[in-house]
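A, B, C, D, E, F, G and H label the chains in the order they appear, each numbered from 1.
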Amino acid sequence: MSNQFELRLSGAGGQGLLLAGIVLAEAGILDGKFATQTQSYGPEARGGASKSEVIISDSEIDYPEVRTPNLTLALTQEAADKYISKDIINGIIVVDERVEIDPAIKYEKLIRVPIIKTAKNKIGKAIVANIVSLGIIVEATNIVSKEAMESAILNRVPKGTEKLNRMALESGYELAK
Amino acid sequence: MNKYVKKYLRNDKLAHMWCPGCGHGIIMHQIIKAIDNLGLDKDNICVVSGIGCSSRAPGYMDFDTLHTTHGRALAFATGIKLANPDMKVIVVSGDGDASAIGGNHLIHACRRNIDITTIVFNNTIYGMTGGQFSPTTATNDLASTAPYGSIDRPFDIAKLAAAAGASYSARSTVYHANNLEKLIEEALQVKGFSLVEAMSMCPTSYGKRNKKGTVSDMLEDYKETYININAFNKLPPEKREGKIEMGVFKNETYPEYTAEYQKLIDRLKGDK
Amino acid sequence: MKMKSNIQFVQGNKACIMGALDAGYRFYGGYPITPSTELAELSAVELPKVGGKFIQMEDEIGGIAAAIGASLTGKKSMTATSGPGFSLKQENIGYAMMAEVPLVIVNVQRGGPSTGLPTSPAQGDMMQAKWGTHGDHPVIALTPDSVQETYYMTIRAFNLAEKYRMPVMIMTDEVIGHMREKIVIPNKEDLEIIDRIKPTEKEGYLPYGVEEGETVPKMASFGDGYRYHITGLAHDETGFPSNSNENAKKLLDRLMNKVNHNLDDILDYEEYMLDDAEHIVLSYGATARSARAAIKQMRKDGIKVGMFRLKTVWPFPEERLLELSKNVKNVLVAEMNLGQMVLEVERVVKNNAKILFCGRADGEIITPEEIIETLKEEF
Amino acid sequence: MSRENLVLKVKPEWCKGCNICVHFCPTNVLELDEDNKIVIARPDDCIKCGLCELRCPDFAIYLEGDENEDEK
Amino acid sequence: MKMKSNIQFVQGNKACIMGALDAGYRFYGGYPITPSTELAELSAVELPKVGGKFIQMEDEIGGIAAAIGASLTGKKSMTATSGPGFSLKQENIGYAMMAEVPLVIVNVQRGGPSTGLPTSPAQGDMMQAKWGTHGDHPVIALTPDSVQETYYMTIRAFNLAEKYRMPVMIMTDEVIGHMREKIVIPNKEDLEIIDRIKPTEKEGYLPYGVEEGETVPKMASFGDGYRYHITGLAHDETGFPSNSNENAKKLLDRLMNKVNHNLDDILDYEEYMLDDAEHIVLSYGATARSARAAIKQMRKDGIKVGMFRLKTVWPFPEERLLELSKNVKNVLVAEMNLGQMVLEVERVVKNNAKILFCGRADGEIITPEEIIETLKEEF
Amino acid sequence: MNKYVKKYLRNDKLAHMWCPGCGHGIIMHQIIKAIDNLGLDKDNICVVSGIGCSSRAPGYMDFDTLHTTHGRALAFATGIKLANPDMKVIVVSGDGDASAIGGNHLIHACRRNIDITTIVFNNTIYGMTGGQFSPTTATNDLASTAPYGSIDRPFDIAKLAAAAGASYSARSTVYHANNLEKLIEEALQVKGFSLVEAMSMCPTSYGKRNKKGTVSDMLEDYKETYININAFNKLPPEKREGKIEMGVFKNETYPEYTAEYQKLIDRLKGDK
Amino acid sequence: MSNQFELRLSGAGGQGLLLAGIVLAEAGILDGKFATQTQSYGPEARGGASKSEVIISDSEIDYPEVRTPNLTLALTQEAADKYISKDIINGIIVVDERVEIDPAIKYEKLIRVPIIKTAKNKIGKAIVANIVSLGIIVEATNIVSKEAMESAILNRVPKGTEKLNRMALESGYELAK
Amino acid sequence: MSRENLVLKVKPEWCKGCNICVHFCPTNVLELDEDNKIVIARPDDCIKCGLCELRCPDFAIYLEGDENEDEK
């Protein structure tokens, strides 16, 4: 349990966070680690806020739910309000620049950067905000290797979008530096 | 606030759970307008549903409301109506709820001609469970359980209800919202089983997969595709291609079930 | 010579309907199936006479659904069936538990599994009565052992259903359902009839809210102007769906406590010749008659044996049985199945006494001799 | 009550940004803002036809009249 | 960097279909319901690719009926569902038991009772798996605790179904069904795949006849020219209905013995850190993961605790548990319900050890801490 | 012995369990004659039923035979046919089995147009359970659960099947046994869903209670009451009173379900 | 159990043996005794042989099935073959004159008389063979009083048929004498 | 094979005495005996029309021809 890293990726439905979670977990596996991914289902997954949770660990993962995330990503205010807990000391919090963090929230580190704007304006596709986010996460945590992350992304994204996604990932690295 | 919303909906339960652009809210709107037009007593209306996105409507409507099990709304409603014939009983149901798992209760409610008004929210897909095809999904349409295009033939619910014995059966779309309101109003006045099939777009589980464009595109599609049954019948066969009839398919008077039962009770009393 | 007007010689199924009517029964929704069919047929004859309603639905699922719907309007309702139909009703049985709708469900048990032996008796659905629908839920199930008891137990079933706002099952069997016996009909004034407790205040009515320490919410009838919502989803006190784990827990705990906190009121059993007993025969329904015959015979032979007869099978009278078992050598369970309530007995009695089993599921009722032999093997 | 006395109102909390009202508005009165919430961009162009209210699935836009006076 | 071709990161539901296909799965009949829907969706995608058939029926009852029909033609068949659908399938589950039709039934458990908490996990249908259909009948039910195990267990389910000519249930849950984990796909040659044993001689073929001492009759496929009869009524060796009590008994005994006489082959469980254990945590499915985490934690704290994990819940590994329980102080049962398998544990363990229960049915999975606390209360 | 009986029935299971004068034996006779006329391969025919007196027919017929659960015959048969499209699949069902509890499977089999031939043994009553009314019992008829006369309206099964999408739908009676044989023969040749409604007298549970006289009287009634649909349609409305149409109600060609599925499989193979 | 009298009345469906059983039991009740009545159900009750069983006792009746009948009535050969056991010593056997009794059958007493002919020819209605049988049974066993039997019959039979049934009963008494 | 060569046969064990064949026989050939079993009372009147076979629900009466030679 000690060498276990737990992430909660949240945002609006349609922001590709399910895919982001899978890619992140697969990168972990490429690095030879163990990984699980779970997500919110049902009505709450429609519109509104949704989340995808990933655990990456050096050893087998038993209890599969994330309770005290080492990192929480929130791309929208609604997601932040719903999924960033006031009851614990959060690890790293990564949010879009437009998201306000309630002062009552405790954390180890806050990364508040223009994720969506970067995706929209710099890469030209709002939809890659998820990949930008992955870049930030990798840069900030080193929980998976960059090589594994790149491979994991390329394994999953549609043919023809590889370049775009690589750009997005790298912008993420930049944002976290 | 919209006066119908204020009067007939449980405002504290809104905004509703339906997706952006889902047509179900439009149908619910027409139902309460029709109820208002008729000046029905709120305390004497009961709305019953099964399970599905559409079947969540009763939760928003300020009457006695019952969210039952999948497909069984009409069976529960039959019990309510027979036990308390004075109540106005309305069933709201999805196409899957009404015609897949609930198909038998539908045709039997039609056969008995029990005085219930059923509004089928037909989005031609299982919305709540994420886009499996339903008995009204068009052949060749894509669905999560028809990944290569559906090979099933669809039901025409309005016509099936007519054939099974309903007093009144009609169809409209959420594009033709005013017309829909009128048909629901008509249906509510029928003494017998009445059904209005309301075509409703599901952008999330149907539109996206089938590349139907924006919800506005889907509404425009309804405008193009659905034409009044009388106009339709006048078209030469080749022009009917791609068109679907809407309007009133049947409006006849038959003995009504709970009234017949009351006669039986009265007869037995007389016998004493 | 005429029979006294309060004496009749009738089938168990008829006694059930007579009891129901005396309890205020007004609605039947169901679908015919042997050997429960007379319950539908007699309801069709009798209900309209008292202004009640009978409906034969298109199937068993519709039958229970209609009965639940009717109950919501304030009518005392029943549905009746046998094995295959009982299986089909399971989803909506769970709905009635969850939505807390009073309802009497009669299962006249026949030989299973599947279509099995449709005209033969069995007690093979006892565990199904408790576990047949998905998810955790409370259950009350009664088993009469005579035509007379069928009459009273049906009244009790309606009373419990109304009092605890939940479905109550009568798990009878083909023998009791079809046999004719004399019954004595009590004066109406001597019967305790429990009616639904309705709210009186519309303002702030909580269809699923209870006072501290209470377990059963007041129930408004549809049409009374309360305009409330009912769902089979987990819900809060207002009746509206709630995804909160806390609410779900609160709801389920309360549902279970309706039974668990009221065992004194609900539990019912007969102790027959147990005072000095060294052996207990535990039985119920038709089989209890064989057990009684067996006990009479064995007592003649000087064997100290008595019967613990379940009248409520669910909840199971754990405490009393445990107590009793401490003073005996053997607890013999006799039932028309391959071992159902005996599992519950094993669980409760533990090592306090030796547990013997006498069961059969071939369509024949257990004979007194079989019971005697099973016990005698221990001597 | 005559049409002219009706007032076009919105309830942005309920708006889900489906764009139906914008699309069907005959005089191009409406717009969605950055957050995909409805905005009455050109109120003066509104001819009070009620088409937005008719097809808004979310009850988030409507014409309000005197009969709603009692609403507080 | 690419994953090895035999490694995939997939959902439990997907692993189930992958296992099924590797077992020779060729027919799906069902009706969608959360959280089992992916089983239907993936079947719709994959089956036609291998010449198999997928059909979405009008309801769950039709779904299992179609799957049984398909199995009669020799195809390995599956139906999948969750709570409410599982309740609806009960009648035909009994039919498949009685007619001895191989079939895999998957129940991805969600929060009940009734519609309950449709998107939340639960283990509330465990008893229903055994008792959900009317009448006495045998049951095999398996519970995987990981995505990888879902793959293997599905293969095993098909094998058991074919070998014992009966429906086999996989009682998984929303957690395992929806979570993604790495799975390693074995070489096809390393898999043991069991196919149906068909008769070779038409003359004198007895569809329900077995050799002395055997329990499973050979099964001809419809269309192979055997022209035999199948019914859900009690029947004799020829498959034709029989009202004889003797035949009914013979049939039922044999059905039960298919499981009871083959426990060695069927039973499966994991013993984790039990060698020196003073406390046993008994668990299964998703909850077993919490149990394992709890045990690791407690071991660090020096508490001698291990896990007895059910892989077959039904039949229940009575003997082994009884044996184990004799050497421990506590048996703690952890399950996502209000107490189901714990009843079986109480029955089996009796007074050998103290039985503790850690359950919840509010839609949340039990945490390792809850398990630890439940056990620590005993110290 | 009658050559058809010898060839197609399980002679050791006869005499059958049906009551004296029950029409079900006549229908079974016409089925095997139709099968013989077409020279179908005995080893490749499967007969499926639900539960009821009529549903006991498969037990007497020397094919692969399946006696399922009440109302579910068509769902089981659908699985058999889809899994093994080469088999000739025949469903025999009672009016209750097919149109009460089994009504939904019926309309969906029609909708899918799966190649199954269904023969409904319609005695307008639940025979096996002793005379409760069924969805085809005429209004006002007596039944054990309609002791004061039924207030339910009956289904017209043949028409309902046609409306639900069947390729072929027809009706005859056991009086018109030769015609019945012909219709069954026709139905068996249809590639798609076909249904023949065979009216059959139940003296025990229907005739006696409704004072219909001897079984011969009941047969004579069929002769009087049932007239060919073409002749019926030519009658002036007042003369139609008391008459019921028989003959072929529908005979059309639609894509057949298992064939469409095979196309899908072939298409996917092609894609590789 | 000792003072318990068990009867099995069998014949063809439609011969009114269900009614006979009920009447007999009700007569027992009128005499102040305990009584139960059971019958065969289902397919076997269609056509073919059917039976109705009655137990009359001074005390409560527990086990309700008849195993060693003190009296068995069989109006048809089929019923006799099916319901008269070869494995026990039967008590009294009452059969129609046309019924042949297998020599292997053991009994205490055999009454073989023209029941059906009496009903048909003497009373003029074959359907009253059941009441004729009751007369025989009462005369032969005294298990219920004649007074109770007469009342029981009159309570159950349709108005207008009282005389006919009384005649049938008396013919039964005669036949048993 | 011509009609005349057909032979009218009965299988009284299967006959349930429903009287249908008797009723519909155009030349009044048939009767039921005391036990309600079918009897060919006037064989010579039989015109081999097959109506009895057609509607006998119990397969208890039929016309047998040469094609059944193989039957033993």
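Note that contacts are C-beta pairs under 8 Å (C-beta built on N, C-alpha and C of every residue); 3 or more make two chains touch, one makes a residue touch a chain.
Just so you know, these numbers come straight off a predicted model, no measurement behind them.
Under the contact definition stated at the top, no chain borders both chain A and chain H. Counting only contacts among the remaining chains, removing chain F from consideration leaves the groups A, B, C, D, E, G | H.
With centres computed as the average of Cα coordinates, no chain lies farther from chain B than G.
Among all pairs of chains, C-E has the largest number of C-beta pairs in contact. Chain B and chain E have centres, each the mean of its CA atoms, that are 39 Å apart.
Chain C and chain D have centres, each the mean of its CA atoms, that are 58 Å apart.
Taking the mean of the C-alpha atoms as each chain's centre, chain C and chain E sit 30 Å apart. Rounded to whole angstrom, the centroid-to-centroid distance between chain A and chain F, based on C-alpha atoms, equals 61 Å. Shown for chain E are the residues in touch with two or more other chains, namely 34, 48, 58-59, 61, 84, 91, 95, 114-115, 118, 231-233, 243. Shared interface positions of chain D, defined as residues touching 2 or more other chains, are 16. Among the residues of chain B, those in touch with two or more other chains are 19-20, 67, 69, 100-101, 103-104, 108, 135, 148, 152, 261, 264, 268. Listing the residues of chain E that touch chain C in their complex gives 61, 83-84, 86-88, 90-91, 94-95, 97-99, 109, 111-118, 120, 122, 124-125, 127-128, 130-137, 231-234, 243, 245-246, 248-249, 252, 256, 337-340, 343, 346-347, 350-351, 360-364. Residues of chain D that touch chain B in their complex: 11, 13-14, 16-20, 23-24, 36, 53-60, 62, 64, 67-68, 71.
Contacts from chain B toward chain E in the complex involve residues 51, 67, 69-71, 100-101, 103, 126, 128-130, 132-133, 135, 144-148, 152. Against chain C, in their complex, chain B makes its touches with residues 13, 42-44, 46, 48, 58-59, 62-69, 72, 75-84, 86-87, 104-105, 108, 261, 264-265, 268. Interface residues of chain A facing chain E in the complex, by the touch rule stated above, are 1, 22, 25-26, 29-30, 34-44, 61-65, 67, 147-148, 151-152, 155.
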